[in-house]
Amino acid sequence: MKKIEAIIKPFKLEDVKEALGSINVTGMTVSEVKGYGRQQGHSELYRGAEYVVDFLPKIKLEAIIADENVDSVIAKITEAAKTGKIGDGKIFVTNVERVVRIRTGEENEDAI
Amino acid sequence: MKKIEAIIKPFKLEDVKEALGSINVTGMTVSEVKGYGRQQGHSELYRGAEYVVDFLPKIKLEAIIADENVDSVIAKITEAAKTGKIGDGKIFVTNVERVVRIRTGEENEDAI
Amino acid sequence: MKKIEAIIKPFKLEDVKEALGSINVTGMTVSEVKGYGRQQGHSELYRGAEYVVDFLPKIKLEAIIADENVDSVIAKITEAAKTGKIGDGKIFVTNVERVVRIRTGEENEDAI
Amino acid sequence: MDTLTLPYVIDTFFLLFASVLIILMVPGFAMLEAGLVRTKNVVAVLTGNVMLYAITSFIFLLWGFNVMFGGNGFFLSGVVADGYSLYAYFFFQMAFVGKTVSIMSGGVSERIRIIPFMIFAALMSGFIYPMVGNAIWGGGFLKEVHDLAGSTVIYSVGGWALLAGILVLGARRGRYGKEGQVRAIPASNIPLVTLGGMLLWIGWFGFNGGSAFHIATKDAADLVGLIIVNTNTAGLAGAISAAFIVYFQYKKLDITMILNGALGGLVAITAGADVVGLWEPIVIGAIGGVLVVFAIPMFDKLQIDDPVGALSVHLVNGVWGTIAVALFADFSLLTQLKGIVLTGLFTFPLSYVLFMIIKKAVGLRSDEEHEYVGLDLEECGLEGYPEFVKSKV
Amino acid sequence: MDTLTLPYVIDTFFLLFASVLIILMVPGFAMLEAGLVRTKNVVAVLTGNVMLYAITSFIFLLWGFNVMFGGNGFFLSGVVADGYSLYAYFFFQMAFVGKTVSIMSGGVSERIRIIPFMIFAALMSGFIYPMVGNAIWGGGFLKEVHDLAGSTVIYSVGGWALLAGILVLGARRGRYGKEGQVRAIPASNIPLVTLGGMLLWIGWFGFNGGSAFHIATKDAADLVGLIIVNTNTAGLAGAISAAFIVYFQYKKLDITMILNGALGGLVAITAGADVVGLWEPIVIGAIGGVLVVFAIPMFDKLQIDDPVGALSVHLVNGVWGTIAVALFADFSLLTQLKGIVLTGLFTFPLSYVLFMIIKKAVGLRSDEEHEYVGLDLEECGLEGYPEFVKSKV
Amino acid sequence: MDTLTLPYVIDTFFLLFASVLIILMVPGFAMLEAGLVRTKNVVAVLTGNVMLYAITSFIFLLWGFNVMFGGNGFFLSGVVADGYSLYAYFFFQMAFVGKTVSIMSGGVSERIRIIPFMIFAALMSGFIYPMVGNAIWGGGFLKEVHDLAGSTVIYSVGGWALLAGILVLGARRGRYGKEGQVRAIPASNIPLVTLGGMLLWIGWFGFNGGSAFHIATKDAADLVGLIIVNTNTAGLAGAISAAFIVYFQYKKLDITMILNGALGGLVAITAGADVVGLWEPIVIGAIGGVLVVFAIPMFDKLQIDDPVGALSVHLVNGVWGTIAVALFADFSLLTQLKGIVLTGLFTFPLSYVLFMIIKKAVGLRSDEEHEYVGLDLEECGLEGYPEFVKSKV
């Protein structure tokens, strides 16, 4: 099994969720993160002093999937999350050795 | 070393923490996340329009542990986090190649 | 490629960011987490009842980097995040199999 | 001692007291609306509320008051106060003017740019409102219409202008799906909404009570007492009826609906609190609450996107309250309807045209990206609840 | 001009002013309590506070006022006002009635369902409170008890009913460990708590000051001035004494304790602010603050779970304040004690039985799962600070 | 009926009304400042605001009032009230005293420890303020200075003491970079800031209006009306001018600047609202708003770290407002300057020395670690918005 971590723009979450649903990936966990990268932070103003906000709000989406789905999942996420503008985010793939469903104790592919 | 990631129901955190403490796992990092899965989101009402909340609040617990503890940790988490109802969550195991304790520079098992 | 996860004290984030910038690591994702470890939680008071706060605020910093940079990145983070007091945090290294830049579809080292 | 001046003194004091209550509605609207929009648009709403109070009051001081009450120039010159201090009279009237725009600011929120909206606010307080006000309250050709404190003059004027504004602006992006389905966009901060709603409720005692203008005779004191009790009763009835209906429909006590119900009741009683007895406000307010609960989804069905429910509260109930005067007291229905219709015919097209002109001239709506990111950063340079990973320390 | 009516006018105006201040306590309690509960129960608390104001006031308008002040039917008929407008008199009394339930709503929060609680609120405002009020203030058989603005009539009545409610409901799940250890459940929003506490403090000037009913003679004006100064002094003293003790015990300045100390002082002075001099409120208030700091952990030891400290503030200090009248002014201790005891003996068992009946009939407490998830979603369908990953846009 | 006492009654009522508005400034300052600091210091700021109200008022009751107005001992003894209740007079004056310290508490926030600051608050209300107040308002040697409600007596006194406090304390860690660059530290809660700002604005009507002391003649009523209108006008003008400049400089409508501009205008009109006509407050207030926008970065350039902008609002405009009296009305510029300079020469060095003594004796500033973690946990034992992973349930 693989873990897909995608850092995306917050307003793209719903689109990505639907895109993944269309290929039957219906389990995922998301969190609010802040990202730092090529996308220039904007400068904000606070009572007369300008300052740069380096870290921009992003959503991190994590989904554990079966090995054979990696390509299709990456394709779907890329398609749905893309705006073409800098800061669209990244996808990272790592290996997962074991998965357990707490409710039933099922393991691995059955537990996804 | 392995990283154990457990997605659990928020009100189970304290129980899981204690369960892990009982087998001397006393380091962990937790964060607030939102989960999407089989557990149906509830529908909320907002000024006359109903809408579905797909993403439910969960806690993500991460603990790096020695290889030999994987089974006991999984067993303890499963036991403590289980309510038997849908949405209890998942445990994912991944491999960790190196660990460093920032304060001392100690590495790997010494650093956990 | 490797994923570096560092759990650090919140007020050290800016120093760590600058330290990484100095070796040209300019992409990273951070999130607010709570940590439990050797550092004793402090006891708070709430209307006449004392209670222990076990989980202390930390920042989790994740950066995907090329294999050859692991040592220098660890060195920089350790240096910048260290206060020498308990609770300085940990660094974890895991393997990343694939990286995709959503905007361009570039993969792996090109996408970091 | 000259006791002859005491009624002058007491009425002046009373008007100042009422004015202060009305000005409490400024933070009232600001908190209500800031709580009802998404976090990313909170500062824009707050800034709009503060600035519109400043701008509308300022213009009213410069010439609006003068236009409305038949003065002869600028500032207060030539306006006559009837048995109380002219300053107190001005202050009381000035406290009103911003309300017509306050009620709009929630309805156009989350997409309107602040400066173009302030231009409209200036036009509203410098022209539209003083002209309607002059017709009904300033002794003009609608002076037969009974509208104690402004169900029509304030609330439906603001409501018509808001409707025009929403039509020109369009809905928030993503609010209505491709097949016309309505997507709820939840509020960001319910305690603020509740605080704002209660401050408005309390401000209304000054709003309606002060509109008696006099308290310094036994009859006047009784009348003020009656008005305030009736105002409160209609608010209670609106809250309770909205709660009943919303619970009946959805099995949930949606506090945003309940508060809007209360405000609907308060708007509805504003025209006639002085000419009805103690039980009529129960009916008037309860119907007000019901109207709100049904009007909110109706506007959504028409894809008229009103983030805070202001049309349902202020426009619908402004009309209802003005009609209710004829139903529950001895006033001509025809006259009341004439007031309603002519006000609408004057305000709506004029506002529509003005909004169109502003749109062409300087633009009205924030661009797509800023709408996603939130207006706060673009318009105000700050966020409502900033912090986290922001600065080194 | 008829100057003879001016005292009538001034007293009417004064009562309206005082009433408005008291109604500021509605958002006051709402903010205080919403800030003290956990985020997941914030909306339920807010909804309860708004609805209880609506329901109790409404019932008081329909018949409660009539029962309490010896009228002859419904609404205001047959009640006689003494030298001021009957409407203002009603409005002032109506502003009081909700308080008896407001003080309960924090104490039963985080587990009580809203609708059963509203049933109790209706019974409180329609029966329990008017009957106690009639006995003490309406010229009934406890009329010798000196209780200016309701240390007993309002605060201990609410307190006894709250105690009954808490006993019937039980503690929040997880509040007390298996071995009886107390687990702190921290508040969610301290700025709201502070805002609410200060609004209550300010409302109290109307609460106690208005209870003089007259201001329109030199003596009356002095008395009102004295009452308001004394009210404030007791609040100050309660805050300072609570701060001292809490700092002495824990080396921390716990603001929730300090504000509760201030409120304790305010409750304590409510019975006798008119019959003591300038220094006695210092003692009365300081003792009030101390009582709060010690009573809160005491109730916890008894496993009586009161999320906001309402029993310590209102019940304990309601009793203390009523006794203090006899200690610091020339009133019979016996009479005061009689008032305290009879009120308790009437209110506590009656409330207990009513809560039990409601529990059997419709259920009182939210089920386990909803208590974990929070009452907001189940009861109100919304969250206090919604947002994040909620809707597409 | 004795109508001769009615002016006494009306003036007493009026002073009580004004006092209540002023006390609304307590939550006003608390919300403004709590919103402007970082989340980790919110509770410390709230606790400071509540405690300073308690302590300063208490000391003023015990002897401060007596010192200031030439009494003969403690409490109110020997002070003479001129045609209204002595209690109301005391209450009104007591409502003022805390303000001198409230305006400081934002400026020294995020690093000062609460208890040492309370020691200073006690000294301020027991000595510094009563002595300056006595010189100008109590018939002392500066009684020629025209300062209606305290541009100098309240705001610049508080401002000088704040400047001394900031110099003794030093800047927040990390505020200024090694090469002197200024690092912005954003606010935590803008809705609270707005609420606080508007409560202050409304409180100011009582602050300045009440400073007429009398309303019970036709002339007095007109004067009070004029003062309140002028106060409001200066606030409007300050908000608008600050908005213009801030938009012109940065193309953003920074609400914290706009609100500070409004407060600057309000401070500036406080000395002379009673002696100017209707248009002068526009100029005075607009200049006040401009001064704020330029003074804030100026203090930063001097590395005088004032988290909320209090020096720019209160000290700078306190001085400007006192000068403006001479520019726009018929008063001696020399006398006004004498008042300004002597007040500064008295307050600043004395405060500096007192802060130094407190620093040596008990320490003034929180240590480095607590400053990073936030003062809330160390000083108060709680956090502003606690929750999350805190307790089992």
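Just so it is clear, A, B, C, D, E and F label the chains in written order, and each chain counts residues from 1 on its own.
Here, contacts are C-beta pairs under 8 Å (C-beta built on N, C-alpha and C of every residue); 3 or more make two chains touch, one makes a residue touch a chain.
Everything numeric here is computed off the predicted structure, so don't read it as measured data.
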Touching chain C and also chain D, the following chains: A, B, E, F
Shared interface partners, meaning chains that touch chain B and chain F: A, C, D, E
Selected interface, A-D versus D-F, where C-beta contact pairs are more numerous: D-F
Interface residue identity across copies chain B, chain C - same or different by half: different
Whole-Å separation of chain centres (CA-atom averages), chain C against chain F: 43
Chain B and chain D, separation of their C-alpha mean positions in angstrom: 49
Euclidean distance of C-alpha centroids - chain D vs chain E, Å: 32
Shared-contact residues (touching 2 or more other chains) in chain E: 3, 6, 10, 13, 17, 183-187, 189, 195, 250, 252, 254, 256, 372, 381-383, 388-393
Residue numbers of chain C (touch at least two other chains): 11, 30-32, 34, 44-46, 51, 55, 94-95
In the complex, chain A residues that touch chain F: 44-51
In the complex with chain C, residue positions of chain A that touch it: 2, 6-8, 31-38, 54-55, 58, 60, 70, 74, 77-78, 81-95
Chain E residues touching chain C - in the complex, by the definition given at the top: 182-187, 246, 250, 252, 254, 256-257, 260, 293, 296-297, 300, 309
Of chain D, residues touching chain E in the complex: 3-4, 6-7, 10, 13-14, 17, 21, 38-39, 172-175, 183-191, 194-195, 197-199, 201-202, 205-206, 209, 215-218, 220-222, 224-226, 228-229, 232-233, 235-237, 239-240, 243, 247, 250, 252-256, 258-259, 262, 278-279, 372
In the complex, chain D residues that touch chain A: 372, 377, 381-383, 388-391
